[in-house]
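What follows is a pair of complexes built around chain A, which joins chain B in one and chain C in the other.
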Partner chain A sequence: MNNEKTPLVVFAAGSLIIPFDHLEKGFEARYPNIDVQAEYHGSIQVIRHATELHKPIDVIATADASLLPMLMYSSIDPETGIPYADWYIRFASNRLAIAYHPQSAYAKDINSDNWYEILSRPDVKVGLADPRFDAVGYRALMTYALAGQKYSCPTIFTDMFYGQFTFPLGIFSDGLITTVTVPEILETRPDSHVLVRGASVELIALLEAGEIDYAFEYESVIRQHGLKMLKIPPELNLGEADYQEYYSQVQVDEDFQRFSSVKPVFRGERIGYGITIPENASHPEEAELFIAYLLSPEGRSIMAGDSHEMFDPVICDQPEQIPSSLSSACQDHNTE
Partner chain B sequence: MNRRNLAFNVTFAILGSLIVIFIVLPLISTLLSTTPAAFLQAFKDPQVIRSIGLTFGAGLIATLVASITAIPLAFLLARHNFRGKRLLEAVINLPVVIPHTAAGIALLLVFGRKGILGQWFSPLGLTFTDNLAGIVVAMLFVSVPFLINMSRESFALVDEEYEKVALTDGATPFQAFLSVTLPIAWRGVLGGAVMMWARGISEFGAVVILAYHPKIATVLIFERFNGFGLAAAQPIALILILVSLVVFLLLRILLLPDHKESK
Partner chain C sequence: MHRNQRILIAFSFLLILAFLFTACAPTVVESTEVNENQEATLTLAGSGGEEVITLEKLKTLPATEGQAGIVSSTGKITIPELYKGVAVKDLVEYLGIPFDPTMGVAITAEDGYSMTLSYDQVLNGLFIAYSPSDGKELPLHDPLTVIIAYERAGQPLNSKEEGSFRLMVVSEKNNQIVDGHWSVKWVNKMEVKTVGDTWALDVNGALSSTVTRDSFESCGSPSCHGKTYQDENGQTWLGVPLWILVGDVDDADDHSETAYNVELAEEGYDINLISEDGESITLDGSTIIKDNQVILANKVNDTELPDLFFPLRLVGTNVDQAMMLGKISEIVVDVPPILAATAEPVPDNDGEITLTGLVNTETVIKDAELRALESMTISAEGKDGPQDFTGVSLNELLQTAGVKPDATKLVFTAADGYTAEVSLEDVQNDPNSILAFMETPGEYMIVLPGSPTSSWVKTVVKVELK
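Now for the complex of A and B:
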């Protein structure tokens, strides 16, 4: 019987669901005594499951590595008195793109120059992940803020979002940085052409069912589902190393004063996926094996097979804290 | 009471109490672990109040809309035997056994923007995705068997002779139904409607697929729990439990005479 297996609880970003499912199968074949129990949510929710719901989680993988210091280094586990995490490995990037369908409205007309105009039309239904819970959500807002600069058309953001929510999104610029503000309660109006869901992967099914015409998604996810993809320019897709400076001109502020002590501010940067082992993991050794497997040639080829290339080498934050079995995979941090 | 009866009754009472404790314990622990301040704050939260109003209202609309067709169907099932009746009854009860997320997907394919009915309704300005109409449809689908079944049982208890007398006295079948059958069977029908409403307002799976917005109470609790944590979700959960309890208790009191008569 297999009832002696060690459970390994993995909480990961929704955009990793397909590659991590394959990774799980490969890992369990290699280590038959470990049973990976994976759950997928929007990246912020993934972390909240550890820091606020106090679930015992062995591996946390988010689509935004910066969330780990912001929400885990800074919050103290009341049971142990130490932070929930003190290191992470930035292992992959991604690019933002627009997923659609051959039957989507104006599918024949859309291109990488007119997308923002077509998406703003009232008869075009656009899916957006909730920026309060999912990294695609606030990254799409960054793309919109950056688009206003790139196309020298400051109304791109308001053309898309004005009047769509009961409490509006805000946008303002101080000349250096453009800031988007997200209200605490984000609810679309009944006749809105924007559809919001908690996680970006939930939008895929709605796209396939024809409920929405377009959705902001990661390139890897669009490829995995075989959907049509409209690439957006490098200044806007948040995936190019060369545009790090450019991306940092925007930020998204979230207003969560009621429910959380942390008031998240997301600064525009190149997309980076982060993985760590929480300090209260029940099975830290197995968790190390899992991350080592991800970083191994086999893990890399599984990720690449699902259109999600990893960094080579990966980048480590707080390398002195990283478990020794993993540190060999890291180069020094901050040298992307 | 002799000793054997006593032993029997005590055994059954103990076993019965276990299930009562199982039901009551989570409710009480929700009550005790919510601070009064958080509870009051949730009561002042406009999103919470709006959401509960929306939930109860949508459940009511679903029940009223369903009554128009479910009550006649229940009457036919109570009065007539025909080929395929068993199959029909099985179909009517399907929504009870289908996983509700699956029901949500099935409804999306029919009432969605590109769905069979959704396409027809959208030129009339009626859309279902992320709309009140979607919530009503989802609630109706999963909860209508309660109304049909309880009404059918209630109609079956009405002696057909009364209807025949009314008919020989010159009443039309419509008049006989409205002035003879329904006045006798109303408690069971109303009880079915209450059960349907209660089942509707507690629905999550089917609604969340068709209409995430506007958020009914179950969706709001789910979102607060997942997005903001236990402390944010608990007060709303408690409000929903308490309000449901009060409403249900009131209706049970109104309907209670029925229980005495039918024994």
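Now for the complex of A and C:
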């Protein structure tokens, strides 16, 4: 029976697993002739599957919308000679927070004012998603860089990370922008109290097993897994519209050529999830239906049920390129 | 670097041709057609250049096979299968490149995607392993080896789905898997490289010298000549005072307590600092005499400088903002050059070493007595790479004089007055700490494999306990 259905290949960020799983069920109930085939990866890998591994994908959703123009607008599909994408919709936000459990070291003492001091203690095991693979990872580094400014304590970053890696993370401020540099090899020293894992979802497992005390995660993911959550101030959580300018004072650079065409630079901004349809999608019409369903009241309700806040209205980049069935749902990028 | 780029471009062109040939071949290839795998090549690169080897050549190297599976970043598990290939560490050995912890192995795929393996990953299989049944992390696991695989389950890799070569992490049994990030498909290049860029500073004056990155970092450590400066953004810069670098080349005396010629500096001379971009600034030598707040910094916030200033920047409380030149690659001290060093000859120490300070008995050991002690040969990584040193155990030597309980440090003094201080505990914990015999009879050198080479004092004449 499945053979009669139209397969719709959706590649999405790992932090969307739970809400998109629910979305898939609702969508397939609405459109029984479409079979959603979802795969989840780190956001960079999601895009790489389309642009570098040339996999036919119908919908791409990333945890960092800025990756879409960075890696898809600039990549040309050799089959067609045109970019893999020329529009996206910024549809949801999130906030960074600290996940922990009741038995975490200093769980009774930690609060939104002293978290950075407690996390820097050598007897506290802190999980960090690898910033080379996972947006949570480089966003956590942005939070640390911003913390130095918020608390007027420029050593917060080095207090946390100095001596933890065989090749150190760099941080430098020119007075306007603070840049964190991620080395080519990010490997912790044997006695480090920082544990790096390839994806933030692996940190959830370590937290649940009591192997680590704290980890940076998205608020939605912490709630979805029922972990304890320490909120961090709005200047640092990268989720507040009012602090967009404040967030733009930081960026994370990868100190090596990671892709053939791009040396990634991640600029501080309010967290925005992006979604698009690659130009080589096999089923673009069904893909439009999927995105329309996500943006519909029903889709919004599913996302809200999984603690994942959506923008209202959503924000479009290059709205003139957006399929007409979707363009009515969004306002222009520049009028946010 | 540019030479390598040219080689790479030339090779890339050949690869593109090879790729086009492959891409234009019929999609259904029967046995009468050329097997794509016979055309497959892997580029092996290192400091000595590049070598392109065929699959057939790769198969002649010692093979490693084992079970390999992966878990994706979102928990999707690919159960282990039997892979066969060549261990990356064997390929490093094949290239004959000395490999140390400052190095890595970059693995690049045909699409340009690149990942770099660390020293410990290559040599010791330092990967996190997960259970293939539930994806949970294994606190203890069997040994792992990273290989460039060319066969899966006894068959050539499917070149369409994973390329002719694939990076895989294998183990003997099928009871563990690793993160999917370490499974790179379509591998076409492996490069053994130093992580981070190497650089050197040319310092020219009466003498000429080239200060390598390692030497500069050693000299610039806080325990040696390193000085710091805090800028208006609260950032700490670390480096070597400019006057110390100038002192190495301002006259014939290049490395002693009097290396810096104060009288000459007071007369005044130009110090030109030149950047890689060709920009330059000029300082009057008389304005920086023994000034520890005019620093050539190689680090800020404990890491190397950002691209804007890398590798060296002039900073300091006594440096105007406009003079804070970055990307410095050369210093020219405007004093007449001399053809060869005419420094005072090293005083004849009559081949003896003095043990003094917090010892039970101040002791002078003659050359003949030293050579009568049991000698040992160790291999250690010096400034010029791995080297063998023969000498006597430093700890045994200390025991002959007796170490007082309150001693915590050792100070080594060279015949030219150069001194270095190290922790006594560090020396006592390292059985390979030796007083090595130098080529010239009666001259000795401290070799401490666990300590910076700045403490490996040559022509040492005195060991003082503090």
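Definition applied: the second predicted complex is superposed on the first by the 333 of 336 C-alpha atoms of A that agree within 3 Å, B and C clash if a C-alpha of one lies under 4 Å from a C-alpha of the other, contacts with A are read in each partner's own complex, and residues count from 1 in each chain.
Everything that follows uses one rule, which is that a residue touches a chain if its C-beta (ideal position, glycine included) is under 8 Å from a C-beta of that chain, and two chains touch if they have at least 3 such contacts.
Just so it is clear, the structure is predicted and the values come from calculations on it, not from any experiment.
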> Following superposition onto chain A, is the placement of chain B relative to chain C best described as a clash or a fit?
Replying inline: clash
> Touch check for A:T158: first (chain B), second (chain C), both, or neither?
Replying inline: second
> When the two structures are overlaid on chain A, which partner does A:G210 contact: first (chain B), second (chain C), both, or neither?
Replying inline: first
> By residue count, is chain A touched more by chain B or by chain C?
Replying inline: C
>> Contacts for A:I171 in the overlay, against chain B (first) and chain C (second): which applies, first, second, both or neither?
In response: second
>> So in the superposed three-chain picture, is A:R197 touching just chain B, just chain C, both, or none of them (first/second/both/neither)?
In response: both
>> Under the stated touch criterion, which partner chain does A:Q45 make contact with: chain B (first), chain C (second), both, or neither?
In response: both
>> Just checking: does A:A145 make contact with chain B only, chain C only, both, or neither of them? Give me first, second, both or neither.
In response: neither
>> Contacts for A:I17 in the overlay, against chain B (first) and chain C (second): which applies, first, second, both or neither?
In response: second
>> Contacts for A:T188 in the overlay, against chain B (first) and chain C (second): which applies, first, second, both or neither?
In response: first
> Which partner does A:K125 reach: the first (chain B), the second (chain C), both, or neither?
Replying inline: first
> Is there a shared patch on chain A that both chain B and chain C touch, and which residues make it up?
Replying inline: 41, 45, 48, 52-53, 130, 133, 185, 187, 197-198, 206, 209, 211, 256, 258-260
>> Please output the residues of chain A touching chain B within their complex, sorted ascending.
In response: 41, 44-45, 48, 52-53, 103, 125, 130, 132-133, 185, 187-188, 190, 192, 195-198, 206, 209-211, 256, 258-260
> How about chain B: which of its residues touch chain A in the complex?
Replying inline: 47, 108-109, 112-114, 129-132, 212-215, 223-232
> Which positions of chain A touch chain C when the two form their complex?
Replying inline: 14, 17, 39-42, 45, 48, 52-53, 130, 133-134, 148, 154-155, 157-158, 162, 166-175, 179, 181, 183-185, 187, 197-199, 201-202, 205-206, 209, 211, 255-261
> Hey, which residues of chain C end up touching chain A in the complex?
Replying inline: 72-76, 101, 104, 106, 109, 111-114, 116-118, 120-121, 126, 128, 135-137, 139, 179-181, 185, 195-196, 232-235, 300-306, 308
